[in-house]
C-alpha cells in the first residue's frame, strides 16, 4: 500500500516546495512534512509529499547484507 | 460608388481569430477556412479538384495485390505535447495502421471536428504539422471534411484520418498468423508517447526530456519485409493499451500464448522514473512510433538486423516467443527471476497511490 | 534509479532464495502474513512466490486502503457529487471501487457527477481555489502514510480561510487492523489462520516508526519484520522471519532501516494529531466495525469536515453475497476460493474491492498469477 | 476452488450501461465494446480479420477506371431526429459524396468519438441504424476506430466515415465541368433534413410530419449515368448550406453563373411553413438525400426522365441553367416575377426576428 | 399558406406594375421611404425594384431593430457575459452585430461567453428557471412589435418572484425615429433626401394601430401608407402613395387592413405601459442620441432592469470610420455609396450593422441585389 | 422588421398557451397578448406570441382590390 518512491532532491523552493528527480523526471513536490530536507537527499515521495528520506549508510548496510548472502554458495 | 470585386473576401485573421459556428455551416466562411488553412497546407492536385471526394488513378495492381484501408480518430489532450501534436499524430497513427498490413500507404483523408472558440492559430499549427508529416511520409491528404461543434461539446479539435494502401503480392500479414515457436520482435523502447503526453497534464505536471516517439513506420516495415520475404507473420503498433494489451490482442487473435523476457524490453530510464512516480507500468503506456513483429524463427535474425539498421528500429530487440497456450496468456519472465502474467489493460491506467 | 534498482536484483534474489531453502526446517510449515498490499503486489508482480520454499505460505493481509473501503463510504462520496452538486476529488485508485446500485465513482462520473482524479491532496485544494462558487470535497483515504498530506491541506485551508473546501475523512490505522486480526477467532481460537509472523508495513512505518509494533510482538508473541516494498526486501524479510521462528524469537526487526526509524516522522505525527482525533468506531470492508481504528477531523477543524458540513448519514451496505473479500482481507481465504473469481469478478468488472487496486489480493493474483491456476474450462 | 474459464467475460450491460473512459483505453473493455456493439452490428469478413486495417481485393479495374475516396464527419444534434439518426446519416453522407463522382461505392470505414456517459443503448441504436443503412446500400463497413472523451468534451457521439468507390471508365464528373448552356436538375424537394433536425431542437420545438430525406444516392446516380452516357457533367449533394450554397460552390468551381427558376424548385408546404415561422430560407436548409446534376443540354431530358423513374428522384425537376458570368453569381427569377441573387450562406442560418 | 401565398402572386404583381406605370406622371420623380426593414427585405428578395417604374425610387429607412443597435449596447451585453458571468439570451439576428474590439456576441461566445439564442423572450425566462444559481439576462431589442413579449416576461418574472432574471432593455420607438428623419436637415433644410411619402410599418402597426401616423401626415404633409410585408402589399402601397402624391393628398392610408386597426392591440399597449416608461434619450446607430425614442423599465420593476441590477455604465462607441450605416439609416446614402461595401464589409464580416440582418439595407442589397452593380473589377 | 406570420389557431391551452398551424407545422405559442383569440383565427405570430389576428373580410377586400387591378388591361 501507499506507493512511495525515493527521489533525489534537486532544489528547495519557497513555500515548502522542492524539485525532485527520478531517473531524469523532475517533479515539484511538497517538503512541508520533512522540513529538514536538504538538496542531495533522497526523499521518499508519496502523493506529492516527501514523507521521509533514505539513510544512505543504512541502505549500504542492507545491500552489504544481501551481498554477503551472495557470497554464500547456494546448495544446488 | 463602390464596385464589386470579383470573389473578394477578407483573408482570415489567423493570428487573433477563433473558430465560430459559421466556419462549420457550409457557407462562405467554411469555404474560406478550408482554402486558407487546409488547402494552403495540404495543397495537392486532388484537393484542388475541390469536390466532395477525390478521384485518383491507383497504381497498377499486379495479380495478388490487395488494398488496405485503416481509420483512426485522434483525440489527444493536450493537443500539443513534447515531440508532436495531434496533427502529426493523426497522420502517423493511421499510416501505421496501414503499414501494419505490410502495405505501402498511398493516400490519406482527414475529417476535423472543431470546437467553437478554438484559436485559428492553434488550428493552423496543427494543420501545418499534419501537412509536414504527410509530406515527409510521401502520402498526400486528398480529401477532407470540417465540422464545428458548440463550445463545451468538443475539445479543441478531433481528427479522424483514413488511409489507403497497397499490399504487394505474397505479403500475408495479419494478427491471426502467429504460431508457436515464432519470435516476437519490438522495434524500440516503449512508453515515450504516453509519458510525454502525461507530462503535460495539468494535474500531473512533471518535467521530462522525454518526447513522443510519434513516427510513420511504413519505411521500417518495407525494410523488414525486404529482409526476409514471407518471414514476417504479424505486425502491430502498440498504441493505446501499450505493449501488454497489444500482445494480448495478438495471442487472442492467433489462439496462442507468449512468453516475454522482461530484461529484453527496452525502456528509457525517464519512462521508468515517470512510471514509478505515478504508479504506472510502462508495458501499458501508449507508443506511436513502435511496432511489434512476430516472425518465423528462421527469419527473426535477418528481420531484426534490418530493423536495427533502420533509423526507427535502432533499439529493436527480440523480446519473447510464441507458445501454445489455450488461455492465450502473455507471460513474462521477470528481470527478478520470477514469472508473471502480463494481462490486458483493465479500465484506464490511472495514476495510483497503492 | 538509485535505491530502487539495487533492490530488484534477480541474481541476489536467487541467493536469498537458496539461503532460505537452507534455513527452513524440514517438515515445518511457515505461514506469514504480509500486512500491506504493497508487499502483496511485489510478491505477485515479481513472481516471488516461485522463489520461496514450498513450506513457506504468504497470507495476504488487509493493508490496502482501497480494499478496506466499505461500500457505504463510496456511496457518501457519490451522493455528494450527484445529489449535492459537489466536486469530489479523489486518488485514482478509488474511482473504480464498487459502490451501491452498480455504481462506482467512475460510473457516477459518466452519469454526470463532477469527480476529479487528483495526484495529491494539495491538488484538491487547488481545485477548491479555482472553483470558489462550488463545494469541493476531498475524499481522503489511506493509512498513516497518506494521512499527513491530508492533515496538511486541512491546515492550509484553515490558514487561507477557504470557504468551499472540506474533507470526507476515511483514514484508517494500521495497528488497530493488525490487532483485530490477531484477536479474530480464526487466529486465536480455531487456528484456521496460522500466522507465524508478520511482514510489517514499509511506508506506514516511515511515518509512525517501528515502535508501535513492539506491542504485538510481545503481547501476541509474533515476530514482525518491517520491510521495504522492493522484492529483495520482501525476500530478506521472509528469511528474517523464518530465522526468528526457528530460533523461537518474537521480536520487531527492521529490514527497512534505510527509511524507517524507531520513532518515525515526528513532524508528520504532530500535524496529524493536531488535525485528527481517534474515531470511536469505523467500518472496514471485510473486518466490519473496528473500534478506534480510524481518524476523524477534530472539532477545531469541523467546518472542513464534509460529514458535518453536509450532515452526512453513514449507512453500512452489505457486500455482494458471493464476494469473499472479507475472508480474504482477514487472511481466512485465498482469491481462488471465491466462486466468482476470474469469471464474474475481474479487474474490468470488479465485484469486490480486492479486485480493484493492483494491491488487492484478488487483482494481484488475477493480473499476475493466474497462469498457475488449473484446471481449465472452456467458456 | 474456482476455475479459470477461457476468455470468460461478462457481457456488456447494454440496457443500463454507459460509455466510460475505460471503453476508450484500448484494453479489455474497449475490445468488448467493439465486439458486442460494433462487430455484432456490422459483421463482415473484413472486420472479423480483427486487425487495425482491413485488407481486401479490389474489383478488377479496367483501363481508365479510377478510384474515389470521400470522408465526412457527422455531428448532428440531436442524435435522433424524425426519419433518421446520426448512424444512418453517417453512412448516407459519405456514400453520397462518393456517388457524386459518379462512382459505385465499395467500402466504408467508421471512426467514433464517444462522450463518457453516453448510454450504451443509444450507441447500439445508432450503430444498428448504421449497419442497416450500410447493408441496404450494399456497402460493408470494413474497419473502424473508437475513442472516448471525457464528459463535457464531446456530444454523445461523433462519427467520421470514409468511403472508397470506383469510377467507371469514361465517367468524368466534377464540380468544374459546368458550361454555359448546361441544364441544372434537382432530384426532389429541398429542406426536409434541416427542418426535421430543427424541429427537435429544444429551443425551437415545433411539431411536424416532416422527416429527414436521408438516403443513399448511388443507385439514382447509376440510373442517371446509364440514361445518358457522358451527359452528366456535375453532381453534388446539397447538404450543409443547402441548395443555394452548393450551387454557388459549383459556379465558382466552374467559373460560370447560373439562373434558377424559383417556381421550379420543389419545396414541401411544411418546409415552407417552418421557414416562414423561423425566418429561414429553404434554399439554405440542409438536405441529405438530394442531388444536383448539371447536364449537357441535349442529355437533360433523358437524365431527368431517369431521375423521375427512380424512387429517390420522383419529384426531380429542371430548376435552371448555366450561363456565363465573370462574377459566378447564382441568380434566380423569383416566382413573383423579379430577379435576385442567391448568395452563399453567410455565417450560420439563425432563426431571426427581423 | 393562407394569407401568405395570395400576397406573393407574380401575375398580380405584373398587373399592379402595369397600373403603376400608367399612374406615374411623366417627368415627375417619386421618392418614398420604406421605414421598415421588412419592406426593404421584401423589395430585395422578390426583386420588386425591377417591377417599379424608373421614376419611383425607394429610400431605405431606419426600421431594422438590429441595424439601429449602437455598438455600446452590444458591448454591455458582452460585458455581462464575459466579465460578469451572466447567461445572456438574445434573438438570433443580434448575435452577429459588430461590437467593440472586433467582437460580436457570437465571437464572444467563441471566447467563452455563455450566450444563448432564444426564439422567444419566454425562452429566456425558461433559461433563468433552469439555472437558478446563475444570473440570466435577456438582451431585449426591437420596435413596438417586439416590446409586448418583453413586458410579458418581466411581469411573469415578477409574479413568480424570479431572483436571477433581468432584461437589458433596448426597445425603441417607431414614431420618434420617423420624426427624427423628418426633422433632419437633409430632409427639411437641404432637401438632399427628397421624401414624398412613407410606407408605414406593418407589424409595428398591428400593435400601435394606424392612429399614431396621423400626426406626421398632417404636421409634415407627407402621405403614409401602412402596408403588409408581402410583395403585393408593397407594390400596392407604392401605387397608393403615387396616387396621393398625384392628387396632392397627405393622408394616412391603410393597405394592411387585414391586420391593422386604427387603435391597435390595446391589451399589448396596456402591458407595455405598465412595465415600461419613456427613456429620456437613447442612442441609435446612425441617428445618434434621439430624445424620447426608447423605453426603459419602470421603477416598480427595477430589479428586473439589468442596467440597474449590474450598475451598467453606457459608453457610446463611434462606428467604423468607413461605415456609412448612419447616412444609410437616415436615407442619405445607398449601400453602394459605401467604399467598403462588398469588399471589406460583407455579410460574412460585417463592419456595420446594416450588413448584419437580412433587413439591413446593405445586407439586403448584397444578398439579393448586387448582380445589378457594375462595373466589375477583378480582385 | 419584426418577422411575423399568420398561422391558424388550432387549440387553446392552459396558461395563455395555444397551438398554431402553419402549412402543416404545429407550434405552441403564447396568446397572452391576444386574450380573445379563438380556435379558427389566423393569428399573427411574432417571437412566439400572437400579437394580432387576420380580419378575414378585410383580407378578402384587399385581395379583391388586387383582382380588380388584374382585370384592367395592362398597357404593353
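Think of it as A, B, C, D, E and F in the order they're written, each chain with its own count starting at 1.
FYI, a residue touches a chain if its C-beta (ideal position, glycine included) is under 8 Å from a C-beta of that chain, and two chains touch if they have at least 3 such contacts.
Chain identities (UniProt): A, F = Hydrogenase expression/formation protein HypC; B, D = Hydrogenase expression/formation protein HypE; C, E = Hydrogenase maturation factor.
A quick note: this is a predicted structure, and the numbers were derived from the prediction, not measured.
Think of each touching pair as a link: the shortest run of links from chain D to chain E (Hydrogenase maturation factor) has 1 of them. Any chain touching chain B that also touches chain D appears here: C, E. Fewest steps needed to get from chain B to chain E (Hydrogenase maturation factor), stepping only to touching chains, is 1. Remark: among chain pairs D-F and E-F, E-F carries the greater number of C-beta contacts. When chain centres are set by their Cα atoms, the one at the greatest distance from chain D is A. In whole angstrom, the spacing between the mean C-alpha positions of chain C (Hydrogenase maturation factor) and chain F is 74.
Inter-chain centre distance (chain B to chain C (Hydrogenase maturation factor), centres taken as mean C-alpha positions): 38 Å.
Remark: chain C (Hydrogenase maturation factor) and chain D have CA centroids separated by 55 Å (rounded to whole angstrom).
Among all residues of chain B, those that touch two or more other chains are 4, 6-7, 20-22, 27-29, 269, 272-273, 276, 279, 326-327, 346-347, 352-354.
Touching of two or more other chains is recorded for residues 1, 4, 9, 11, 14, 37-38, 64-65, 91, 106, 119, 123, 142, 146, 346, 348, 359, 370, 376, 378 of chain C (Hydrogenase maturation factor).
Annotation for chain A: residues touching 2 or more other chains are 1-3, 5, 22-23, 46-47. Taken pair by pair, the chains that touch are A-B, A-C, B-C, B-D, B-E, C-D, D-E, D-F, E-F. By the touch rule above, chain D contacts chain F in their complex via residues 199, 205-210, 268-270, 272-274, 276-277, 279, 352-354. Chain contact summary for the complex, chain B toward chain E (Hydrogenase maturation factor): residues 1-10, 13, 16, 18-22, 27-29, 32, 116-117, 151. By the touch criterion given at the top, residues 102, 106-107, 109-112, 336-344, 346, 348-349, 370, 373, 375-379 of chain C (Hydrogenase maturation factor) touch chain D in their complex.
Every residue of chain F that touches chain D in the complex is listed here, in rising order: 1-3, 5, 7, 21-28, 45-47. Residue ranges of chain C (Hydrogenase maturation factor) in contact with chain A, taken from their complex: 1-4, 6, 9, 11-12, 14-16, 18-19, 21-22, 36-38, 63-65, 91, 119-123, 142-143, 145-146, 148-149, 152, 201-204, 206-207, 232, 236, 255, 257-260, 265, 267-268, 271, 359.
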